[in-house]
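Look at the two complexes coming up: subunit A is in both, with subunit B in one and subunit C in the other.
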Partner chain A sequence: MRKYFLIFKNAIREGMIYRIDTLTFLFSEILIFFSLFYLWSSAYGESVTIGNYSLKEMLFYYLAAHFILLTAKNNEITWMIGEEIRMGSFNIFLVQPLDYSKYILFYILGKSFFNTLIFTSAFCVIFIFFGQYLDPPNEISRYIYFIISVGLGFFIHFFFNYIIGLSTFWLGMIQGIIFSFWSTSSLLEGSIVPLDLLPDFLQRINDFLPFKYTVFVPISILNGKIDPDLALFLIPVFWILFLFFLSKFIFKKGIKRYEGFGI
Partner chain B sequence: MRDNKPIIEVKNLKKSFKHSKREAGLRNTLKNIFHPAKKTKKFAVRDIAFKIRKGEFVGFLGPNGAGKTTTLKMLSGITYPDSGFVSVMGFTPWEKNIEYQKRFSMVMGQKSQLWWDLPAMESFLLNKAIYEISNEDFNARIKELTELLEAKNLLDKQVRQMSLGERMKCEIIASILHNPEVLFLDEPTIGLDVVAQKNIRDFLRQYNEQKKTTIILTSHYMGDILKLCKRIIIIDKGKIIYDGLISKLIEKYAPNKTITVYLDQEVERKKLENFGRIIQFDEAKVVFEVPRKKIKKLAADLLSSDLPIKDIDIAEPGIESIIRNIFKSGL
Partner chain C sequence: MKASAFRKFWHYFKVFFVIKKLGFTGRASYRLNFLLLIFAVSFQMILSVIFVRTVFSFVKEIAGWSYFESLLVLASYMIVEGAVWMLFGQMGAIKDLIRRGGLDSLLIKPVDAQLLVSAWRGDLEDVSRVFSGLAVLIYAISNLNLPLEFILFNSVFYFLFILNAVAIAYSFALFLQTMSFWLIKGHSLTMIQDSILSVSKFPTDIFFNKIVRFVFTFAVPIAFISTVPAKIFSEGFNFIFLLESFAVAGLFFWLSRKFWLFALRKYQSVGG
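On to the complex of A and B.
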């Protein structure tokens, strides 16, 4: 296991090397948040609620959604896997006693860990200065449920991204797929608008998909719109198991193809 | 002989790739979407066989696309063949036995295994964990290898700030930290300048001599192979066309040497023909071709004669030109 711990550590070190990049990211987040603030303020105008969100709740929702995207969406691995396979540096994983899925998992855990440290502190600062516009919940238990829920969402994201990355074995180039998946999942997980504002039929389709458990459900547990029911934790676990076995299967098929072709 | 059993054995190895033909131009690309072109089978390796003994340093030589890298990929388990038998240290590579993976290594000149943004040492430490190298072994190996490669100052250097030559030194260190018994080198000097090439070569020769590691090297630079390998395997169009000592190749395909004589004044051709076969005759320059064994005698004869000789030059057709001829016309 030590090797995977080192991969985790190296990923953190990489994050520290690109401090400027991380800070720029942070800056753009703040900018986005301000635009959202003004956009929604004017959208609300005189009205008190949209859907069942007050302005404060809406802003809090977006802030939480951004926090999740920054710490747990880890879509960069999709691109990383794609490049490794496409350019052939994937070869090294066939030569060394190293498990590829674990390598990717621990790498992204390292990245997420680093991002969580940075963005948690940044968001705390936002709370301190803008708390009055946001109305964050007070109960500690909700934060704990939120963290567990986001943790499960992390793995759903991880396996989706991993599987899409592996599709490079067949497709060679996956930029288009990455982008379409990214926009579809952004909509269905609730990072563009809260899902309860979407039309009914979309919400019903979404009930059969895992996406909402990555963003919308954790936030709704946090802001108290839904109660932390056991099912909200069991269903994503089921999805994670399903995606885990699916990814194993796809990896096996992909490797066979890769070995046959020697891309 | 200490150990006569081959460490690497290859028999009837075959490998083909399926290619779908892609024609150029937007129209054809569109056409391809609706009527995908038929896939054609192309053999990259056809019926290769060889044996390599422990401690040998063998060069794979051949033009681009000859099948060198494909063969190395099968030996390392990256690809599996259509048919045929491969055994390296008793393992079948594409079964990916962990025991096998711990006992060989591969350096791919065009691909990096180092962490781009971190100091090289971090990649070495990761390999230490991957190959479960003990602390003492690791420290001793790092010390030894960085001394041999003059790479001490590179340990703390970020990989992306390294020159290509420096990076290649680190790639090699990373690959052999676990003291592999078999080492595959695919173009380890590609793109390097002359000095860096020489550094890597010197290191590889020393390393092979000291550790008795079995090494297979592919390279475009004939210089690499001539300096490092006694034995070469020449591959062309997926087949082995020569497997043997370089010295034998020279004897066999270049049995003659040439002597060029520069004269102060013109001499009658007839008078010169008494000495040996003339292949070129200019006013003041005459080129003789003689079998290797007779070269000394001819030189002595010429110099002790009364000919108005200004200068004399003995030359060997370079191995490079021999091999070029082989690729051009076959054996």
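On to the complex of A and C.
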């Protein structure tokens, strides 16, 4: 286990080396939130609510969604896995006593830990300046349920990204599948608009998919739109287990197909 | 003198075209990946329309813009963004060339280095952004009940506005990506670029704070990327806007060129 902890620590160090990148990344997210702030403020105009959201609730929703995307959406591992398989640097994992999925998991846990530290402080600053426009909940228990729910969402994202990365064994280039997945999931998880504002048929389809448990459900638990009952935590656990076994199966099949470019 | 300038321009155009052709061929060589990219890019555009549709299903107008007028803004953004991705790959080649040491070999070629880095990357799949934008534009115009002669007359000027918008977006991309000379990784520069450009999805009139609106009109002129071109169909032709559009595009192109040349003088090379 110590070797994986080392990978975790190295990922944090990597984040510190590229701190300017982290800060510019943060700046770009704040800019998007800033434009949404103006858009929704103009959209509300004289209206009190849109759907069942007040302006303050809507802005808080987007702020929370940005926080989740920055800390728990681990998209970069798909590129990483894809490049390692395509360029042949994956070979090294075949001869080292390392479990590849654990290596990727601890790497991204380190990254997420670093991002959480940086972005939590940054979002506190936003709260100081924009606090009057937001409507954060007061109950501590909601924050605890939110963290648990985001944690489960992290693993759903992780296994999806991991499986898509492994598809390089068959496809060679996976940019297309990555972007297709990102676009689709951004709609279905609720990071573009809150899911309860979408048409009914899309909401019904989404009930059979795990995406809403990554963004919409955690925020809805936090802002009190839904009560944190057990099913909201058990269903994502079921999805995580399903994706875990699926990833093991795909990895096994993929290794058989791997041609070991560069050996 | 004029003939020689024309010959030089033609030569540069041919170089740009040949590099593009090679790049596009390479891009399309993984067919399934390429088709999925087209799907992803088109779907991303559809998502923007879904977002605008969702917002307008609850309100009639935003900052004086109706649903179909807002679609004009969104369509202009799609066309400009798509053109800059397709033709110049958002200038993302600069950071890759610097990091991998590939810039050195471009600098010794007998062609302007800015032209080479501009042409180096171009994502053919982004042609679907341009087509999606055109489809949204036609859909919006057809629902605004405008007279045919009004549409035909203003389409010519709309095209000029879009050309200037592409020049502004290109210059902005060049300016930001040139900062890669001082950054180690530089991947986040593309994110900043995308975020700033994505602000132009919405009419700049939403920025009710006058200072913010001024910044997004002249300091970071996103207003000229989509809001101003869209106004030609929502409000009619405005000669002052056209002059401003040319002036801002020219100024930004000149500034980004100066910054690029300044960065080149400071460049220390990686492994060349």
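The working rule: the second predicted complex is superposed on the first by the 258 of 263 C-alpha atoms of A that agree within 3 Å, B and C clash if a C-alpha of one lies under 4 Å from a C-alpha of the other, contacts with A are read in each partner's own complex, and residues count from 1 in each chain.
The rule is simple: contacts are C-beta pairs under 8 Å (C-beta built on N, C-alpha and C of every residue); 3 or more make two chains touch, one makes a residue touch a chain.
Owing to the predicted nature of the structure, the values given are computational and were not obtained by experimental measurement.
Novice: Sharing subunit A, do subunit B and subunit C clash or fit in the superposition?
Specialist: Fit.
Novice: Quick one: is A:96 in contact with subunit B, with subunit C, with both, or with neither? Answer first, second, both or neither.
Specialist: First partner only.
Novice: Mind working out whether A:259 is in touch with subunit B, subunit C, both or neither, as first, second, both or neither?
Specialist: After superposing on A, A:259 lies in contact with subunit B but is clear of subunit C.
Novice: Go through the superposed model and pick first if A:27 touches only subunit B, second if only subunit C, both, or neither.
Specialist: A:27 contacts subunit C only, not subunit B.
Novice: Looking at subunit A, does subunit B or subunit C touch a larger number of its residues?
Specialist: Subunit A has more residues touched by C than by the other partner.
Novice: Looking at the overlay, does A:52 come into contact with subunit B only (first), subunit C only (second), both, or neither?
Specialist: After superposition on chain A, A:52 lies in contact with neither partner.
Novice: Anyone got the angle at subunit A's C-alpha centre between subunit B and subunit C, nearest 10 degrees?
Specialist: 80
Novice: Have a look at where A:18 lands relative to subunit B and subunit C in the superposition and call it first, second, both or neither.
Specialist: In the superposition, A:18 touches subunit B and subunit C alike.
Novice: Let me test your reading of the model: by the given contact rule, A:141 touches which partner, first (subunit B), second (subunit C), both or neither?
Specialist: So A:141 meets neither subunit B nor subunit C here.
Novice: Would you give the minimum C-alpha distance from subunit B to subunit C, in Å, for the three-chain superposition?
Specialist: Superposed on chain A, the two chains' closest C-alpha atoms are separated by 7 Å.
Novice: Which subunit A residues are contacted by subunit C in one complex and by subunit B in the other?
Specialist: Overlap of subunit B and subunit C footprints on subunit A: residues 17-18.
Novice: Okay, in this complex, where on subunit C does subunit A touch?
Specialist: 30, 32-41, 43-44, 47, 50-51, 54-55, 57-59, 62-63, 183-189, 191-192, 194-196, 198-199, 202, 205-209, 212
Novice: Which residues of subunit A touch subunit B once you look at their complex with the stated criterion?
Specialist: So the residues of subunit A touching subunit B come out as 2-3, 5-7, 10, 13-14, 17-18, 87-89, 91-92, 94-98, 259-262.
Novice: Touching residues of subunit A toward subunit C in the complex: what are they?
Specialist: Against subunit C, subunit A makes touches at 17-18, 20-22, 24-25, 27-29, 31-32, 35, 38-39, 41-45, 47, 50-51, 171-180, 182-184, 186-187, 192-193, 197-198.
Novice: If we count contacts the way the header does, which residues on subunit B are in touch with subunit A in the complex?
Specialist: Listed in rising order, the residues of subunit B that touch subunit A are 17-18, 70, 73, 76-80, 94, 96, 98, 101-102, 105-106, 108, 110-113, 115, 117-118, 122, 125-127, 129-131, 158.
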